[in-house]
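Both complexes below contain subunit A, partnered by subunit B and then by subunit C.
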Partner chain A sequence: MLQYESTPYIFNLLFDIIFKAPIYVIFLEGFLLLMVIWVLIHKQTNGSRKLTEEQKKEIIKNWKPEPLVPEVDENDPTLKTRTVEGPIGKYIFVDGHKCLNMSTFNYLGLEEYPQIKKSAIETIRKYGVGSCGPRGFYGTLDVHLELEERLAKFMDQEEAVVYSYAFSTIASAIPAYSKRNDIIFADECVNFAIQKGIDASRSKVVYFKHNNMRDLEEKLIEQHKMDVKKPQKAAKMRRFLVAEGIYLNTGEMCPLRELVQLRSKYKLRMILDESVSFGTIGKHGRGLTEFLGVDKTEVDLISASLEASVESVGGFCVGTHFIVEHQRLSGLGYCFSASQPPLLTQVVITALDIFEKEPKIFKDLNEVCEKVDKKFKELSRFLLRGHPISPIKHLYLKDDKTSSETDEILRKISDQCIKMGLAIVPCAYLPIEKFPQKPSLRVAVNRLLSNEEITKAFNILQRASYEIK
Partner chain B sequence: MLNYYCPSNENLSWIESRGFYLFYTIFLVTYHLILLSLPFTFFTTQMVWTITNISHNLIHLYFLHIIKGVPWISRMDDGNKKETHWEQLDGGVQWTRQRKILTAIPIILFLLTCLYTQNSESHFMANFISLIVVTLPKLPMFHHVRLFNINKY
Partner chain C sequence: MKKSNDVLPRTNGIIQAYGFINGYGNSHTSNDKPVTIDNYTSKTSANAKFKDQFVLLQKTFLDHNKAKKKSKESFEEAPLITACLTYLGFYFLMIIGYLNQLFFVPKVATEKNRDGYVPLYDAFERFYSCYVYRRVKDCWNRPICSVPSDTLVLKDRITNDYGWTFEFTGTRTKCINLGSYNYLGFAQNSGPCAEDSIQAIGKYGISTSSTRRELGTNTLHNELEVLTAQFLGAEDAIVFGMGFATNALNLPSLISPGCLVVSDEKNHASIILGLRLSGATVKVYEHNNMKSLEQVIEKSIVNGQTLNGKPWKKILIILEGVFSMEGSIVKLPEIVDIKKKYGTYIYLDEAHSVGATGPNGRGITDYYGIDPKDIDIMMGTFTKSFGSAGGYIAGSKNLIDYLRTNSHAHCYASSMAPAVAQQILTSMKIIMGLDGTDEGKQRIDQLARNTRYFRKRLAQIGVITYGHEDSPVVPMLVYLFSKIGAVVRTLTKRKIAVVGAGFPATPIMEGRIRFCLSAAHTREQLDYFLQAIDEIGSTLGLKYSRKPQDAETIEY
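The block that comes next holds the complex of A and B.
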């Protein structure tokens, strides 16, 4: 040890320290000192070397730009578009063929009612064709407020919020509640809008097998085990359950009663998309909750499209006051896109008038759906999927082929059907779907189909499926 | 909509901000002085220098070499999920000013500590090991390298 008192000069002290130290320490320290100097004077190497003028010219000469649009095969199915003329009703004109329409979602055939067109025309005289802007920004008209009131009354809920685009309804409603640290349990066959809503929420997502309650419960139990391990994280996490009333991609009905039981058992918040089931099932057309007799308080949020059975544009969400009011500031599709055009809003109000006045139409539709179900089950080359009273049904090819071959065959069958007078189309999916769906022909049932027309459609399908190999 | 590109990495922009090195120096000196002024016989000059050096290196190790990705800010793209903060610094370019200064600081601190501990053997060993631990991952050849799979996931 050195005695501080006996070393009056700092240099003496320094020399003392250095000379008393072992030799390897001196070497190491000297090496580190050199390393510091080396590090500090080392030049940054970022890989950009200096090029001469000739080299630059050479590089520019060799550069070939990629084409903006890649070359596409002339026979690509996406290039073959079909032209539809005239109004889209029970019959449509596709490429000059008069076809029975089984491809668009006009389940109730509302365009047959003259008061719908009349009310739209009257509203154009009053308001013109468009609304001014988003709902919170000069876009709210009395018709919007009236529609929200009427929808809440029709669905027997506290309040409703109307969106101007069906896709963005559920795609905004999910991220309005579910955030980064939350978890969503969703059926793997949910439609594309729901998938995008789940993506936008940035939550953790657990997909359970289609309508498989046992699988869902297993996943819930798994999550519960994790929650027990991390109680602090679990206390902050919200859990959501997302399902569709009738699945657009399969035509199956969701087992709402079981879902509701699981909801109360595992304390989930339930979001139900009734895009297909609204205005088609239930005694008054209120959808699945009415059809299965589930209490309205058991489902936290119901969202539905107004583009299918009502034949307008937009969508709506109904629920309690708190749930709906939250969306007026957090629903992105509500805040940042222009409100529904007033004439189409008026169309929905008139449609609701018809719903309330003639609840018979829903019963008629269900009967027609059952008839179609019964008849189309006899198709020899197709397998029918879908609940008997669902207005959406899917026809899968029975033969064992790869999905691209099946796509090709279905497209040809669809072309053949259109030539023979039946408009029926294969279901189109984007390649970015979460779970690839089996290729199918989608049947959309119309209330106005008579027995003869169902038989005719059946015969055309049967014949077309035999002509195409 | 989801994959927007953010040119500046907020994750590390605080290192580039003005006055960072001033804060760094003041913090280190204050910390050292506080330790020196503690009225316990345990805190001799030698011990305090070693404590300062090791705790400084521990902070370096945690903030620059252990935590990965973007833990502070909720960003949508998780492109640099597997990179430590040191690897994200200056977008991964080597030999930048930031990197040179942050590499030099622990070495200078080590040399000063050696001087003040008079190369006493036990202090030297402790300080030297802590220096190795923070300097090795800073070297350019250890960019994206995980020795013995440490901190790989």
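The block that comes next holds the complex of A and C.
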């Protein structure tokens, strides 16, 4: 029997199979074979179109790039930046006019404390100006470690991490946690740095209506329905909720209590940007969590700017050791940027000393904010927006005009105010904002404003808004 | 004929003198060519034949230099055995790590109150940082408590649990600093820069608490922008409060989807982030490889956009002047040729080269003698050579105006702190010689001399270094992951502070130690260091180089 299983026998068997098979099977298999051959050959020639060298040269010769950037009109109003002379305080010199300052973010008026400047000068005498390296490469000075410890203690958290620029703080923190297949739920009025952080994370993003919890919950339910359909994907998808304590773009406070309820119900992690609320609200100036009495375990990461109430340059994140430590290896703006100049670090430490010693300043600020809120609501041509105790408030024109017309009117009103001795400027936005913001004049309240000064500011605004049509 | 004999030594004399003053020895940038020709033509009569002869002479001289220039950059490959050992060593570390993870409870913090949530971190990332990186964790993030100048004072810390936690011992160690980016030695706590900065605090306060577009522009910023443009030879400039943000927040407004970016593979994280935010198509070319660059551009133009085959809106080549991890200098003349040939644009990041290269410290364009106007976008930082913080972009007036209206950083991020701006102003004036002294020139020359001497001596010792001989960033290859830790620790014991870099910052194969030279270093400090390297190079086995070694003493 064995000899029959030799080669000719196998051929016989094969022929047998082919002839007995139905004709459509032969066709189908033949077609598949041809397909495979075609794909293999095509793959080799694919990638570059079949062109002769001359044709290639012709294409290269004919390719005309667009100009690097479009022509900019020299009269573009955004090119005319105002120049400030001298220090920033309750009063500033703008383009030669002495003005009551209602524009820069130094809400607490720390100019009253000479020890801040003194500590900065002492630090220059000790460390020079720059740190000449990132944190990993001998750019960590003892003041950085001290500040991180102090901030964690001040915020009653386990750990803090300091960045050298506020914009990069939140914009680095978000992509450190949220990655490509994750999802972020964010308020549609979040500031530009948060928008960029979300973009950098490449996660899916769902924007909900400003401070609208019903809308957020609807979107969370929608997502939940999708998760049920694709449980495998859902099991790997990290979820984040991003909000601001007080929104820079609206002055409104976020409903943190409701947010954390939803956060826990739908198993999201929460990132809260307290850039406006840190050092302004709460009994000890710790921000919104303190103000609303929300438990610190409810918010996973708090990020804030050191460029507003603290009047330095930089930013920080606080939270548990588990969360924050991760940024030391994954926060791009932390790892790949030079560390904060030590003098600016020392300034924050000195400011924290003041915060801890005199928590009264926060109460004072809140009172002034409420006074401004009450007074400015009476402005006849403006609509005031913002929480009463928020140091940031927005004034929107009541008249029904297009956005570009409004821009121009606001600019003229601002010019007029500056001439009359009140520094107030329109909020600067770029057209690439995710959701276009309504043009407004932004009011930043300073703790040192007296009742007379608030009335003066009110009168100037009132007059200027009537003079400009 | 006699005349030509007369001229030749004289011109050579000029060239040599020029080279000597610059501290660049015999190396010449193409900048010298027009200079000497001008000198020559203005001084002699217009004898055409004679001129031809001279040009020919000079051409051979320059060709010779060009050939020399090619050999100025070195990326010696590792012996095969080292390569194998490096991989083995790395896998061994990983296996030990896994075993460690199996048998010992990690001390790492765990997340509380988040039961049932999707894990926050990737398991491998977590493992890598806890069981591989932790072993050498003590080599990074070392706190210091002094100016990071030629020396620094380390705040000593020890770990009793293999890198999980650190404790301060309370002692301090003064080390020679070869880790900070203090190229021109402006990290100082006294002298004109510090004094002026202190005055700026008195005059302008600590910060501006506002953005440039609103009320964050003060007289210092305006002055700095004018001076930066003047320093770089550009029409206009714009400055930002953070170097990282300068790349990350401006690239998105310069390019958009439909544009092609051809990016060097070793570009910095900030550039990569900026490109990611821009949405443009990015193609990477091999590090400093002009052939690869040209191929990518040619193929891209021919094929058009990836999805629809339409022609690209514009093509931008992005590269760095001096690459901070490789120590190489970009081949700018060739890139300018490619740019002109294809009609692309150039974005040059001079974070590590401005101040540190070129006879006048003006960066790579100065080094090669290229007209700054040929570079469309010149970006750089003030952190390194100027001992401050922040960044700039310089270019045509229209470009800068466009950025003033569209840059994210200009519109949304806070402006530069006055003391920081003043430090740059004063140091830049010193570099330019506007302070009326030649201190800036001296610093530039000192750095160039230090660099030359240091690199040559290292080659003589027999270690492998990467990069260009004029680059003040000197990476020394140690290959094995564990050797990074060993070298950094041993050098610390000898009171020298250096920086190590390993995976994931470099390929697994190429663990390295990086030295950054400074004008503040003295010859004695360098000699002390080089002797230490020679000694530990023998004991730790760092002398990988198989190149013939020059036995002659190297002149400082």
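Here is the rule we go by: the second predicted complex is superposed on the first by the 394 of 469 C-alpha atoms of A that agree within 3 Å, B and C clash if a C-alpha of one lies under 4 Å from a C-alpha of the other, contacts with A are read in each partner's own complex, and residues count from 1 in each chain.
The working rule: a residue touches a chain if its C-beta (ideal position, glycine included) is under 8 Å from a C-beta of that chain, and two chains touch if they have at least 3 such contacts.
Owing to the predicted nature of the structure, the values given are computational and were not obtained by experimental measurement.
Judged by the touch definition given at the top, the superposed model places A:Phe15 against neither subunit B nor subunit C.
When both complexes are overlaid on chain A, the residue A:Ser312 reaches subunit C alone and has no touch with subunit B. When the two structures are aligned on the shared chain, A:Val25 is found in touch with subunit B, with no touch to subunit C.
Contacts of A:Tyr466 after superposition on the shared chain: neither subunit B nor subunit C is touched. Contact with subunit C, but none with subunit B, is seen for A:Leu344 once the two complexes are overlaid on the shared chain. Using the contact criterion defined above for the overlaid structures, shared-chain residue A:His326 touches subunit C, although it does not reach subunit B. In the overlay built on the shared chain, the residue A:Leu40 is in contact with subunit B alone; subunit C does not reach it. Looking at the shared chain after the overlay, A:Asp199 reaches both subunit B and subunit C. After overlaying the two complexes on the shared chain, residue contacts for A:Phe435 are found with neither subunit B nor subunit C. Contacts of subunit A with subunit B, set against its contacts with subunit C after fitting on chain A, overlap at residues 199-200, 202. On subunit C, the positions that touch subunit A within their shared complex are 108-114, 116-122, 125, 129, 133, 140-149, 152, 155, 177, 179-182, 186-190, 193-194, 197-198, 201-219, 222, 241-245, 248-249, 254, 268-270, 273, 276-277, 298-299, 301-303, 311-315, 342-345, 376-377, 381-384, 386-389, 398-399, 401-402, 404-406, 408-409, 411-414, 416-417, 419-420, 423, 497, 499. Note for the complex: subunit A touches subunit C at residues 47-49, 51, 56, 59-60, 63-72, 74, 76, 78-79, 81-89, 92, 94, 103-106, 111, 116-117, 120-121, 124-133, 135-142, 144-145, 164-168, 171, 177, 179, 191-193, 196, 199-200, 202, 235-239, 267, 269, 297, 300, 305, 307-308, 311-313, 320-323, 325-326, 328-330, 332-333, 335-338, 340-341, 343-344, 347, 423, 425, 427-430. Of all residues in subunit A, those touching subunit B in their complex are 1-2, 14, 17, 20-22, 25, 28-29, 32-33, 35-36, 39-40, 42-46, 180, 199-200, 202.
If you check the complex, the residues on subunit B that touch subunit A are 1-2, 74, 76, 93-97, 100-101, 103-104, 107-108, 110-111, 114-115, 118-119, 124, 128.
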